[in-house]
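For reference, chains read A, B, C and D in written order, and residue numbers begin at 1 within each chain.
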Amino acid sequence: MGVGDRRVGIGLIGAGGIGRLHAQHLTSRVPGARLVAVADVDGKAAASCAEEHQVPSVYEDVRDLLADRAVDAVVICSPPDTHARIIEEAAARGKHVFCEKPIDCDLGKIDRALAAVARAGVKLQVGFNRRFDENFRYVREAVASGRVGEPRMLHIVSRDPRLPAPSQTQATVGLFLDMTIHDFDMARYLLASEVAEVYALAQSTAGRADPDTALITMRFASGAMGTIDNGQTVYGYDQRVEVFGSEGSVRVDNEQPHRASVVDRSGTHGALPLHFFVERYAPSYIAELIAFTDCILRDTEPPVTGHDGRMAAVLALAAQRSLEEKRPVAPKELSDD
Amino acid sequence: MGVGDRRVGIGLIGAGGIGRLHAQHLTSRVPGARLVAVADVDGKAAASCAEEHQVPSVYEDVRDLLADRAVDAVVICSPPDTHARIIEEAAARGKHVFCEKPIDCDLGKIDRALAAVARAGVKLQVGFNRRFDENFRYVREAVASGRVGEPRMLHIVSRDPRLPAPSQTQATVGLFLDMTIHDFDMARYLLASEVAEVYALAQSTAGRADPDTALITMRFASGAMGTIDNGQTVYGYDQRVEVFGSEGSVRVDNEQPHRASVVDRSGTHGALPLHFFVERYAPSYIAELIAFTDCILRDTEPPVTGHDGRMAAVLALAAQRSLEEKRPVAPKELSDD
Amino acid sequence: MGVGDRRVGIGLIGAGGIGRLHAQHLTSRVPGARLVAVADVDGKAAASCAEEHQVPSVYEDVRDLLADRAVDAVVICSPPDTHARIIEEAAARGKHVFCEKPIDCDLGKIDRALAAVARAGVKLQVGFNRRFDENFRYVREAVASGRVGEPRMLHIVSRDPRLPAPSQTQATVGLFLDMTIHDFDMARYLLASEVAEVYALAQSTAGRADPDTALITMRFASGAMGTIDNGQTVYGYDQRVEVFGSEGSVRVDNEQPHRASVVDRSGTHGALPLHFFVERYAPSYIAELIAFTDCILRDTEPPVTGHDGRMAAVLALAAQRSLEEKRPVAPKELSDD
Amino acid sequence: MGVGDRRVGIGLIGAGGIGRLHAQHLTSRVPGARLVAVADVDGKAAASCAEEHQVPSVYEDVRDLLADRAVDAVVICSPPDTHARIIEEAAARGKHVFCEKPIDCDLGKIDRALAAVARAGVKLQVGFNRRFDENFRYVREAVASGRVGEPRMLHIVSRDPRLPAPSQTQATVGLFLDMTIHDFDMARYLLASEVAEVYALAQSTAGRADPDTALITMRFASGAMGTIDNGQTVYGYDQRVEVFGSEGSVRVDNEQPHRASVVDRSGTHGALPLHFFVERYAPSYIAELIAFTDCILRDTEPPVTGHDGRMAAVLALAAQRSLEEKRPVAPKELSDD
């Protein structure tokens, strides 16, 4: 049950892969939510999603969903270039907003969306689900509590088990705004410091125009330094971090489907990492939605704000510029936060 | 959804701790089940469980539940000394049965219950949930496929994070029939061989009459040898196995809540094991109920049979006798299977 | 250098495999020792060993070596059935003695040897080298310091990478007196408690008359329980222990030649354990000889005494009797210590 | 013994910390070497080193050692600013040379030294001992054999347990030429590709003028990317690498003094990494000297050449320039190799 048995009426916008994952969690794992409506420009996708999860209202036009009085809040899973506009419209209707990353690829549009949210006084939470993973929370706490001392070095490894299909988001917005944006947010989250400079190297290993493998170097305002390593693996989802500090180091290794191992003539053999984000981050997808409904029901600040969404996008854009201009780029060149 | 959208109407008997855990899984995680009735001699417990999970029918008398035509199958979570009788009555009513372990502490009563099940042609599955754990399945498969060769040695470590309350099952039926019975089943499951001899040592470390720490040695019909180590830890649930064979060894280490570790001046520090059975075995509790509804819907043999329940009880009783008579005991002394 | 630059003149008796290993360590890694003589009934073996390590005196007859005034102490690596007699003769000559295990297979002969040592007031150290391994020292210290509380359970896994050749010691004295004797000593060393009862199961997997795979259950005087698992692996030397206590558990995993691992499509792959005793225990072989020369130079008690050698032999003989009589055997049945 | 029982007469130049370590290895662990002379401008240091290891000849002036006909080869452990000059003089005398890193901080002086070596036809091996570590050899082999496919990303973590004393080498030549130079060589060794660009960030955390913590980003000629992470730890020597490739990833974790761990109420606790280079790299220091004497005795190419020493220095100087000019620097800007 939600707080005081109240539940937030949720309208899901976008019934693709990530939308359906959220729909499943909203109906069975998020006590404070009631999935009351689904909208998708592809009416069939909306209808089948609604049927599977017994959602009462189905729309093709997002405006109709936003006009639905049962909808207290929206979960935006439509294509990235629609996010900012939908945020503005939802805010104007007084709906709270959970939005998948990125908010937008254009800082001007992000700023207009955030301004609309501020004006309307609604909640906006951005889908940086990894902040809710038990592993990264542990690291954040080890850093924040001073257990590893003053942070000096951060390493993030974040590799996918396969390239996205050309039609998928990454192909549209590029590696940095689709994939690395999670890691930029993780960097800010773990060290609680802004990034003062980024330097990006990248390579295309799959014969596409866009890079699929990248190494981003960061200098933080705090003086700490860090790296993000993005790539495509043959062995599953590789999601590790390390923070090295003046009093010690904290590391996260990959989660695995089991803890069994075999030793035979040829060596010791263990499991692969969990395969991809659905396997690895299911609990954090659930936790971020619980946090979202909680912040509405309790009227508190969302744990991941619009500002967080904006700053991660700024870093992604700075990395893009660094790659193009072959030089370190200060995020301040793009935005004066 | 279940097979062909059919669902098995489930009547839950016993609304205590494990009963409520099953109720939660039956209503949200087992697509082929519909929880239609709850019975408990404590009417209030039955009612609150029913309310929480929106179960239509509530009974104090198990016979009323067995008479409910919406009930296709029962899940028996009442005290152990009621299991055998309820199985008989359920079978007589044509209800399929999922029964928590042990079936009974008396072989005669177990045999009457199994005979009733056979006569009625209903399914009977015993709650050895650990067979459904990914780790132990992996070990079973490594053994069954010949990957580690001919099994020669088995070690099972199975330690609880605390003693059961004196009122709980273990206090009633003793360590071997409550706790070790899981390990005896695991031994038979992993090696696919019967146990030809057991030798038990035990100690009471907590000032109770009954032992809480035990070491059981097994000789298998196949020639393999094995141990079961039961105890009470300060560090969480310790659930490990190793099978050593002619071509290698397969081991299961404990599952942990996260894979983060810290290295500081004093050493390298990692997580505790998952705390207890709810944390460790939630997925296997769900999987055993899915398997149970599947075997009803598809009319197949249950993956854990009444015979399995009986054999594990025979081994527990043999261990009991070994402890009393301070000598190795052959299960055949108790039962001629 | 030894204590005050003094060195102990060592006479090596037996120039076979383990003798040559000791010779190498005595000449290059044990500052307090000077290898001054080698004896072997096989004169060629003695001569080649002496030449390799530039040892001044070579003998075929051990009595000649014992008469050599440069010899302060002997290191006995001859066949087991000669140990007790040589100890007696060496003691009679006032030579200190380091003796490979077992002292003998006959308790009467062991007792006569120990009596001779006591009479002569010389040092006797038995070659339980594993006590000097860093891993097992750590476990001993974790137990002795109370870090894991009161010990309740001990598990020793001690598996060889291959069967000894039929001509080797094990074939002569049997598994328990050749191989398990190390584990019996380890049990006494780690728990600092005597064993009150042993129960042995064993199997011959290689078509020989003697067993090569065994499981020994122990009940300690302290109330703790324990197991020893002996076998033959395809994956190298398997040397692990675990002590479980009221405040925690301490485990030793295998040492490996490197800490590299590969993750590829098929899983995560690491190194085998170190191959056998030469690789695994080289540092402890060196450390036991340093300890031996130290106890002579400083006139202190040897860290592994004749009594330790005797008690481990008693346990091996008790295990032998248990196996024959298919019942638990108290070591007191064999010897009243 | 060396090849055909011949041994190389070694003259040690510099009897400080690393010199004495080499002296110890040369006299007890390198069969093909005979330590025949020691020179140090500090005559007392030379004398005490010679006495400890029973070295026949002692000199204060390196020229006298170079004139000693018993000296076939020199091991140069004097301060870095003397290396190049001594190499030239040794080569002119026809002596083979093993030289600690760096050859020099000035490329012109390095080139003159290499030219002198080439002219004289003597061997020159540079002290990149880590190439001989079993772990890194394993990684190199996994890469070279194609086991992890085409390398895409390299990460080197190389952190010391303490800052060098201000009087030590690092204070003289700076972090990059003293410490990172090992990592630059490791990068070239593991990927078998030259570095096309370096970008360096660094921080001084200890109140000194020179940085002690650094992050270097590398772009390789092959297209691969990599990082080097240098810092000062509280938990011992942190020496790890990872190579990620198109077919998998290979990682090296730290070596530890034992494999024991404790689990108690507060978590799972394991050992620290080996403390520093003496503990971690003793076997590789021995192996590099064995390789050096072998290449002399067999007249083969040294496994680490003067060119390797030069290229690592070029990368260190490029990193230095990158740090000063706050931009990526191509090594080609410094040297046209």
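As a convention for this text, contacts are C-beta pairs under 8 Å (C-beta built on N, C-alpha and C of every residue); 3 or more make two chains touch, one makes a residue touch a chain.
Source: prediction; values computed, not measured.
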Could you run down the chains that neighbour chain B and chain D together?
A, C
Chain whose mean Cα position lies farthest from chain C
A
Chain A to chain D: how many Å between their CA centres?
43
Chain-centre distance (mean CA atoms) for chain C and chain D, in whole Å, is 40
Between chain C and chain A, distance of the C-alpha-averaged centres to the nearest whole Å:
59
So which stretches of chain B touch two or more other chains?
234-235, 247-249, 263-265
Chain C touches which residues of chain B in the complex?
149-150, 152-153, 155, 159, 199, 201, 203, 205, 213-215, 217, 219, 223, 225-227, 229, 231, 233-235, 238, 244, 246-249, 326-328
The chain A residues in contact with chain B across the complex are 28, 134-135, 138-139, 142, 147-148, 247-255, 257-265
Residue numbers of chain C touching chain A in their complex, please.
234-235, 263-273
